[in-house]
Amino acid sequence: MKILKLPKNKLDFFASVVQQFGEVHAPVEQNGQFAFQPVRRWSEVRLDYNRTILPPKKYFLPPRETLLQYAGDAGYVPVMEGLDKKIVLFGVHACDVYGLNLLDLVFAGAYRDPYYQARRRNAAIIGIECTPDEHCFCRSMRADFVEQGFDLFLFDIGDYYFTLVGTALGDDMVLATGPLFEPVSHQDVEEYKRRSARKREAFRLHVEIRDLPEIFEMEYSSDIWQGLGERCLSCGSCSMVCPTCYCYEVADEVQLGSREGPRARTWDSCLFATHALVAGGENFRKTRPSRVKFRFYHKQRGFVAEYGRPGCVGCGRCIVACPVKIDVVEVLNQLRSVQNVASR
Amino acid sequence: MSTTITVEHLARIEGHAGITVELEGKAVRSVRFEVFEGARLLEGLLRGRSYQDVSQIISRICAICSAAHSLTSLKATEDAFGVEASPQTHLLRDLLYRGESIESHALHLFCLAVPDYLNYPSVVALAADHPDAAKLGLRLKKLGNTIQEVVGGRAVHPVNCIVGGFGALPAEDQLIALRRDLQQGMADCQTAIEILATLPPADFCHTPTVFAALQPPADYGYYHGNRIEMLPEGKANGGVTFAAADYRSLTNEKAVPHSHAKHSLFQGRPFMVGSLARVTANREKLSDRAKKAIEKLALTLPSDNPMDNNKAQAVELVFDVEYALATVERLLNEGLKPERPAPVRPRAGTGTGVTEAPRGLLVHSYTYDDAGRIVSADVITPTAMNAASIEHHFRCAAEQAAADSHQALKKKLEMIARAYDPCVSCSVHLLRVKS
Amino acid sequence: MLPAADVPTYQALFTANPYLPQMARIVRVYKMVKDNHLFTMRFTDSELAQTFQCKPGQFAMVSVPGAGEAPISISSSPSRRGVLEFCVRRVGRVTDALYRLRTNDLVGIRGPYGNGFPVERILGQDLLLVAGGLGMAPLRSLLWYALDNREKFNKVILMYGAKTPADMLFREELVSLVDRVDATCLLTVDADPTGTWKGHIALLPAMFDHVQIDPANTHAAVCGPPVVYKFVLKRLLQLGFSKDRILMSLERRMKCGVGKCGHCSVGYKYTCLHGPIFTYWDAINLPEMV
Amino acid sequence: MTGCAGDQLVMLNCEDQLLDVVAALDIRDFLMASSGNDEECPLDVALVEGAVLTRRDEEKLNRVRERAKLLVAVGTCAVWGGVAAMDGGRDGDRARLLAETYGPTGAAYDSTPARALHEVVKVDFNISGCPIEKEQFISALSHLLNGNAPLFPQYPVCTECKMRENNCLLIEKGEVCCGPLTVAGCNARCPALNIACVGCRGPADDANTTSALAMFGEKGIPRDDIVRKLRTFAPMEGPGV
């Protein structure tokens, strides 16, 4: 992999060059929280953010989007406008890149989702290293570092960003800046290693994910679920903010006084009572405990069976967003009957 | 021989009300403006609620005047606690108020009143023959709503207004879009006046009238000010004024059995509030454009014809669009200061707020305990104040039209009621009876 | 993934945008049972109509524009090309709207989806079909597939129970099978208020007493309401059926049919991709399956 | 029925669609907008606003039900009782409140405790909101015109709030936000303006009030305050129609 370094004080220049690869979106502050937004002034960008309210999935699977348009006998036609808009996501954390990599798996397969895929093709990702806070456990979920899914990835090594070039597009970005990037020296590599080790020590939350699927099977009837279910408000927040939650609803809307309209999809959540409701009132997850359990089960067990790794990247968003403080790390550790276990 | 004329359920007004007139030969024996809107007793239900919830709940008294209720409520609460909202807050509230007035007047003029003049049952029927007029009316109405959405967060029951300020300030691009709409609105108002000037005259009820209106401290408007002026019968000046806190001297209300709305009298006489009262009392504060509209509509002040309230609304429409545009331009030039609502420290006491709702004077008065919970609440609405005056004008019209067929008289009575633009949901919310 | 050269054209249509239905015309609406009509549909594109292929037990997503989309089993056998038959129960938004449509009206169809019955595994062996009530709908395609390819299977046995003769789906068609010598067709009703029913009057599990079954050499496909599963599964296990020779068709909420929307997941499987046909072994290993 | 007319006003506020609405429908009886009404004819759809607060309301509602194939409750008052039913309308206190407000004549007024429509007649569909949302109204009408049931989200305001990427007032500021209990459809209008949701749309289908009360309790807010707040627009737990 090509590795270079970028002088920190030239970051804004770099950002301005990157604009030619698409509209630049980066985390900006919003009343004490952060959100990916189109960048108007580089000075607004906060690369030291902890986490954005919504993960970058909002760019690829928007909360609401029209898939098709139908019109009487003409039937359905795909609505693909705007999917080819070029964007550059600047400052994506490793866990979020990982989250996208997982969504990529879901939206690929025998039936590729052309909407998601098109948006993905048209977005460049510039990742950035971060400092874990009290809700981060991406290291335990093995998502604190990514080998793929980015065009460039920046690591802070003091006066420079140590830069991994992940794709040809990333390389084009580097080249477009002229002589801005410099080769890395041995000291830089040593500095990178030192900081990497320090970051490893900085994690305060730990879970062990080995044999977690099996533990889930064993604790399928655990009392834990009852208690969590009684607390959960079915507010859906955890699913909305999760980088790997992708459930959606589809509905036909109709234009007034016509037989035409869009078919649109909207984010959904398995915590809602309607999620597994079928005709005649039969509901496969009628009770709230069964739904809370399902969310955890699907992420920590179902994903492993389907994609070979858990569907949680340890970003901590659901912990922050849950009004009743349902905390995935606590739940996993409780299932294991341990406290804050290190996973190495 | 005695006959009774009844309009069972008055259409094209807000709420549920009817008219009954009993005639003894040609003499008018009794007139009744009947309100059968159910009593929701909101003031009673407010008791014990925190000051933070009050304006949201009380705005539900009435949708058409919901911004007026919200802002009057905030004025009362801020008065009680001595909260000083920022000048920017007041400016935006004034703008919001104009939005409501524009919406309400456009709705009333084009959708509710004008169809009468041209003998249509509704604006929809009107639209079939005069699509441009109908669309113009709807465009102006929408303009008022857009202002309310931008400032208040919602066109009906604004959500953004809280004690001390706003939850969030309008964004610049919203203001820019609004400016464009207001510019279109300026042209639309001009056309509106031309259309309204061609309406056949409504000349069937003449009587000298007592008017009451808020005295604006500076510009013509609805939100600022806390002194009320009463104009003597048939006069455009020389009235008495008193402070909002003495609002009870405005009214000695009595509950009447035929109506859920209580009737207000001033020194034993009915009085009229609303556009006509405001234009009469504050004519000199209007802009040149608005004054031209007065001429164009042949509105003579003081007026002895309640139907002129429609013309006065049209004049206000012209003024408000112009004023709102100037406000938006000012906000865009000066830029909005990012500020948080003024701090609120609840304390025990009574506060009163008075404003001019689109239909006239509106008073809210609350007594709080030291935790900022409502001990008692009084609300006096314009339609309640107008109720006695409406009946008075019914009587005049019935007397002056004694020769008419019942059908014709009925229509006249309906037109008078509608000219007041009565807001019946409002009228059933009144202050508590003094024991 | 580019469609390979030998992939039928229709499949290319449905993979380019898997959410895009193709329009089909309602050719016939046959009122089998109250609120259970059989809709015969044909793609308006005649090439598509001729080339569309599916496996027994697969389903399609059927759209009524404006009302939405619902997963419906393809009831017709893949051995009969040109048209598709759907036996639809009227239960809600989409199915209601479908019932308002008439012959010649258009619907959208995409598919086929799901794994279908593992026919390859049954070839040369005995096939037992057990259906209760409306469970006949997904089994019908398998039944006709077996009958149309009779030589590829050993014994073919159908047991079907309904409440009354009037509730029996595909009644005429199935009654005409009773006399067939190359298949055993046991039709039963719980009760016969009309007194004209010539078949059995007994509960469905009683049909097991009328045939010889060789569990080691038979696959059983079961479909019906929960009581049917309860008693039939018990009976099959008593007979010595291995759990992976018992096949069942599941119903779940489904919005995409192609493994994206998340609604149909049971445990860690998707009904639309890994199902809707599951073995009993799958079922007991997946929580919330039945 | 009895209300603030806000929902009718919202209908009239659909300025851009109003003439299309009128073209698509055959409006027979719309008192607030028209005087040429037919008060007897059978109706395909009746849109009814307001809560039942008088015997007169009740009689009228029964008549409308007889006339209409479909009856749609429009607005929180109609769906849940609304502000007039706040705190259960303080039913016990009603006579006293009437007397307090209107004096001795008050006792003679036609006044009954506030009821939602479904407490009086069968309601086919609900369009909730105080006032209703334009988009939902237009969408409901459009679906009804095509013979389909209206389609609304059942989940709470929180979901839409997150979709809009708002800051969470409940978690970040500890405010009493009714978002987790209130049915979505307003696109989290208030939280988007930094104003806590007051629950004007009525409860979500699956509102977990018990847990929410405990949660607010942990934040040190007196239980009574929360209960009253939650009961401003609707009873805390109610029947889904």
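The first chain written gets the first letter, and so on, giving A, B, C and D; residue counts start at 1 in each chain.
Assume a residue touches a chain if its C-beta (ideal position, glycine included) is under 8 Å from a C-beta of that chain, and two chains touch if they have at least 3 such contacts.
Given the structure is predicted, the values throughout are model-derived calculations rather than measurements.
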For chain B and chain C, chains touching each: D
Top-ranked pair of chains - ranking by C-beta pairs in contact: B-D
Chain B and chain D: spacing of chain centres that average the CA atoms, whole Å: 25
Separation of chain A from chain B, taking each centre as the mean of its C-alpha atoms, in whole Å: 52
Euclidean distance of C-alpha centroids - chain C vs chain D, Å: 44
Mean-CA-position distance for chain C and chain A (Å): 39
Touching two or more other chains - residue numbers and ranges from chain C: 66-67
Numbers and ranges of chain D residues touching at least 2 other chains: 143, 146, 148, 151, 194
Multi-chain contact sites of chain A, meaning residues that touch two or more partners: 251, 254, 259, 261
Overall pattern in which the protein chains touch one another (line/ring/star/complete/other): other
All chain pairs that touch each other: A-C, A-D, B-D, C-D
Complex contacts: residues of chain D adjacent to chain C: 143, 146-149, 151
Residues of chain D that touch chain B when the two form their complex: 1-10, 12-13, 15-16, 18-19, 22, 27, 30-37, 51-54, 56-57, 82-84, 86-87, 89-90, 93-94, 97-98, 100-103, 105-106, 108-112, 114, 130-131, 189-190, 192-195, 198, 200, 225, 228-229, 232
Residue ranges of chain C touching chain D (in the complex, touch as defined): 66-67, 93, 96-97, 100
Touching residues (chain side chain B, partner chain D) in the complex: 9, 11-16, 36-45, 48-50, 53, 56-57, 60-64, 66, 107, 111, 115, 121-125, 127, 134-135, 138-139, 141-142, 145, 153-157, 159-160, 162, 166-168, 255-257, 260, 262, 414, 425, 430, 432-433
Contacting residues of chain A [partner chain D, same complex]: 30-33, 35, 53-54, 58, 63-64, 230-237, 240-241, 251, 253-259, 261, 266-267, 269, 272-274, 288, 320-321, 323-324
